[in-house]
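The same chain A turns up in both complexes below, where it pairs with chain B and then with chain C.
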Partner chain A sequence: MSGDNPTPIETSSPVASAIRRGPRPRRIAASLHVEDRLWQVATRVAVTVPLLGLLFVIIILAVKAWPAIKVNGPGYLTSSVWQVGNFYGAVQHTHGVAHPQGAVYGAWPLIAGTLESSLIAIIIAVPVSIGTAFALTERLPKWIAQPLGFFVEILAGIPSVVIGLWGVLVLGPFLAQHVYPVIANHVPNVPVLRYFRGSVGYGEGLLTSGLVLSFMIVPIIASTTRDLFLQVPVLPKEGAEALGFTDAEVARRVTLPWVRSGIVGATMLGLGRAIGETIAIAMVSGSVLGTVAPNIYGTMTTIAATIVSQLDSSLTDGTGFALSNLAEAGLLLALISILVNLAARSIVRHTGKLMAPVGRG
Partner chain B sequence: MSMTESLSHGTSWRRVKSVIFRAFTLLALVFVLGPAIWLIVGVVVKAVPHWSWGVLTHVPSGNGGGLENAILGTLVIMVGVLIIAGTTGVLAGVFLSEFTGVNRKGRERGTILRTGIDVLAGFPSIVLGYVGYVALVVGLHWGFSLLAALIILSLMVVPYITKATETALRQVPTSYREGAEALGMRTGYGLRKVVLRTALPGIVTGLLIAESITVGETAPLLYTAGVTNNLPNWHLVHHPIGYLTYYVWTDWNQPLASLHYISYDASLILLVMVLSLLIVSRLVVARSQRHSEAAR
Partner chain C sequence: MEEVSKFKVASSALDAELARLDPDHDRPREVIATKGLNLKFSDKTVLSGVNMNFERGTITALIGPTGSGKSTFLRTINRMNDRVAGFRHEGDVLLDGESIWGDQQDLLTIRRRVGMLFQRPNPFPMSIRDNVVAGVKAHGIARGKQLDVVAEMRLTEVGLWDAVKDRLGDSPYRLSGGQQQLLCLARALAVGPEVLLLDEPTSALDPISTEAVERMLRAMTPALTLIVVTHNLGQARRISDQTMFFFNGQLVEHGATSQVFQNPREIDTERYVQGLMG
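Up next, the complex of A and B:
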């Protein structure tokens, strides 16, 4: 056991002088042990993998979309024509890009459909979510509020294809038979409300899509809002009540202002989900291309629903131009969705939890 | 006199508003729960009367059959995503929480990495599916295949797992790490034995939620996994694979009633799988909270 108590080293080698200069505990503790090294390398690699994936996705999208962007120009955003052209006719060239004769693409109906359906969803979902959160935190006794709150939370996990199935077979037909005609026949013929008049269709269309979307995003907004309400301290609320506030006034003047930015963040999160939703909308929107819904019941489509329903047939375009147009639509959708999502996360990051089980299509 | 009158008038209006507010909250709750129960009961009522256990042991045939291939396919996809996205996401979360530290100005490092992962989380699933199709299925000549589906789904859920892991690790008190170091544990050993063990419930919850998303996805799978009525085999490429959501998506508007039943059966199985995953994740959280309170 001579090594237990090392005698002072008297040589003048660099190692010895380094030891004499004094111990460096950090270095000793983090000596390049295999396991420590492995953790550092493995985690570093793991964090770069998703980022490389992200880069890969962006590059593929941009490369695929470029021919369509060149041919379509900025008019793509405002034009309403969506014609794939004649796949069996002569091949035309515009700006050096080959495309079938008569191929004209305009994304305005898709953009309008995406924004309109998401807007309807938000208009319905935000008040409903706030009301639900109040009911769960202030109105109901704890023994029932807790399981109900959990139930609302897990509703976010219902696969969108199941919601779509229910929407197209049950909800849509029910509304078209019993609810929409009542609204359409009784709304006065004045500027904004005129939009609610006219043919109600068969239950596949804009309003049904908006309702289905709102049903999908309410769990996200409501459960986040409930958690926010639970973080509001009791004292200000009790103080307000002691001053004679009714519970509606406490809600409006104390609780809501306390968590306003959190609710905005939760709403943006729900909006992001609504914009990117694919399968359910492809099932309940009616999926018509090239027209904006004439009234609120009209059939329509969104960017995401168009991609999923057109990808199959776009392969029959031998020039690849149809495929390229879908890439442009996808790029547009990704841009909108990412901006909304980043905004949401930057707001909600400061307010707490963000792990709603969000299925996405 | 007139003053008291106006006061009492104001008070009664305030009382009315309060009643309206209460009614509104309960109405909102009904508006949420009503459709939810309608949906779940609707699926159960459509699926259960025609339910036969043969659904679990037969593959689809032209006019019905079962969903054995789809159930096994979904399970295979779940395992694959757990392996790929689970490993990557948990390790990435460990990196963001444990190995980033602060820069010289005292700001937290890794902001760019976090933003990148947030951007990935914002990608709509159908766009990822499109990229998987043009780049992997067509570009690399993999054909509809398990590997293409796994890569795309993993890209989709990895941000959730990373975020969950990072959040769980950040909730581990710094004193635990300091204690581990004071006891002379190496960084890696302390991380494994103390920090990760404490954060495990949060990490498991993140993984379960990611799995519940995986089960319910349709759009990114349609053009990467393709579909087949055969049982899954062990080939990663050149062989399509079936999954549950596909049969909901296609069978509902087929002209045969037997196919509608398959559509509802698949919906029921999906609901059971997703809801049990989420319930288990909640139980994990509840259990860990009870333990942490007992320890205090």
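Up next, the complex of A and C:
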């Protein structure tokens, strides 16, 4: 039996055999309880649902948009003409797709409007948010910083339709009467700044849209940035103070760099919101189709605003071509959002590379 | 006899001559002095009645149990406590004979003259080189190409140059804890302080790094005056000339380190240095 073993253990005793076997191996896969199995299934479902949801949305959009993509071709991205055609006239066929006579679609003004208004919003919102976050965490006494921080968070919860209404009824007209003319009349006629000259309109347009968007994303960026600042360990800041840095130098050279990648992330979150914001922009942009704003005050539209403002009339296009074009616009918007997210990730990874203070400090 | 006294006269003349050459000869011997210093947070007194002179070029160890007020004392000297809510002080701290709270004093200048090294390494989120010259840049001591010279000089001084010379542009957070602390030391030394306050500078370091830092500290005197808070009694014995023992918000005893450890006057000091009280 056990020729090599000089002291064979008595195998009949359960204790002895248990000792010989050693502790029961706790292999996860081999000994799953019902609870563990449920947990595994639940987490798998949870991780799959959003993924499937995204895929589903993209696929449905692509299928719906396919007729429009076939007819428009790549020119859709660069053309500025947006004509739905005659819904009650003859039906034409291009590449086997039925569409009303005279229907021509180009999304360039929508793309430009989306990017321009979001860019303006970010340019305004990022410095304001960082300043707000600094004030809340470093400058103001606690008894005023706390309610103010709460107020900023409440601001994030105001429905965009309310802000849009305020924008179109109050902010836009006020700016067009009292602020825009001052800027337009005093800016020198040189490249870039020339864009700030010319007709200021009635307050519905690109700059008003950017401002309204910045109102909506400041709370997001500011509250995220405040939370980031609160996480900066006190030791490096004290080190900078002890070295004779001024408060501003501590902020600029220690606190801000410490959370730089987080602020980039928060900014991209805000940018994502700005790009996709719909109803407020539909209200304050002036909603003109087919033209890019001639100056910063000019009326314009964005992809999202166009989709919502055109949806009603598109449903009356018997060929479904107008709807298919909106689907193409929606697909474009989804792609831009995904691109922004990817860009954010790569920026975060890149800026975090040199200085990520992981776990130390 | 005649010969010896002649020699004595000669040597005292030499001493006088040497003393005259000392750039600090017309300044007070005690670079830091505290006069009846009481420290309070709100109404709670954390330290009272501290009268102490810190002589130029010496190392003083501040020892005592946790909560005895020694760290608060240390952080008062470069006015780090001023910002703390509820902090109040009575009495005075003199830097070169002038109150650190005086109207003529500039806080940033005090911080340049009185540097600080912390419990744990705290490099700034910038490259290794930029860390070393951060203070130099902020105080406008050097700029442009000079900064590279400063960086090399200070890193060499703390014995870190060879380890980091090929990665000056890298993040400091990838260095070991000991290297990070030496980097912070280089950063503190770069602005040319007269006094360096050290708040348990090796408590987060391994024994080998601790030895490296201690070696550095010993080498820095008498050019610098060091005040070191430490829980490591062995460290206090190894590196300090003077030792102050704090207990229950009082300065219980101070004197030469050998006296405090080998022949303490107070029973509490004796119990503490013998390890009977933690």
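In this text, the second predicted complex is superposed on the first by the 283 of 361 C-alpha atoms of A that agree within 3 Å, B and C clash if a C-alpha of one lies under 4 Å from a C-alpha of the other, contacts with A are read in each partner's own complex, and residues count from 1 in each chain.
Everything below uses one rule, namely that contacts are C-beta pairs under 8 Å (C-beta built on N, C-alpha and C of every residue); 3 or more make two chains touch, one makes a residue touch a chain.
The shown structure was predicted, so the numbers you read here are calculated from the model rather than taken from an experiment.
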Touching partner for A:337 - first (chain B), second (chain C), both, neither: first
First, second, both or neither for A:136, with chain B first and chain C second: first
Chain B versus chain C as contact partner of A:307, first or second or both or neither: first
Partner chain(s) touched by A:241 [first = chain B, second = chain C, both, neither]: second
First (chain B), second (chain C), both or neither touched by A:148: first
Comparing the two partners chain B and chain C, which touches a greater set of residues in chain A: B
Chain B versus chain C as contact partner of A:249, first or second or both or neither: both
Doubly contacted chain A residues - partners chain C and chain B: 246, 249, 354-355, 357-358, 360-361
Residue numbers on chain A that touch chain B, as the complex places them: 29-30, 33, 35-36, 38-40, 42-47, 49-51, 53-54, 56-57, 60-61, 64, 127-132, 134-136, 138-140, 148, 150-155, 157-166, 168-171, 215, 218-219, 222, 246-249, 251, 272, 275-276, 278-279, 283, 304, 307-308, 311, 323, 326-327, 330-331, 333-334, 337-342, 345, 353-355, 357-361
Chain A contact footprint on chain B (complex, rising order): 14-15, 17-18, 20-22, 24-29, 31-33, 35-36, 38-39, 42-43, 87-92, 94-96, 98-99, 113, 115-131, 133-135, 139, 151, 155-156, 158-160, 162-164, 167, 181, 184, 186-189, 191-192, 205-206, 209, 212-213, 215-220, 222-223, 245, 248-249, 252, 263-264, 267, 270-271, 274-275, 277-279, 281-282
Touching residues (chain side chain C, partner chain A) in the complex: 78, 80, 83, 107-112, 115-116, 118-127, 134-135, 138-139, 170-171, 173, 177, 180, 184, 187-188, 191
Footprint of chain C on chain A - complex, ascending: 233, 235-236, 238-246, 249, 253-254, 257-258, 260, 354-358, 360-361
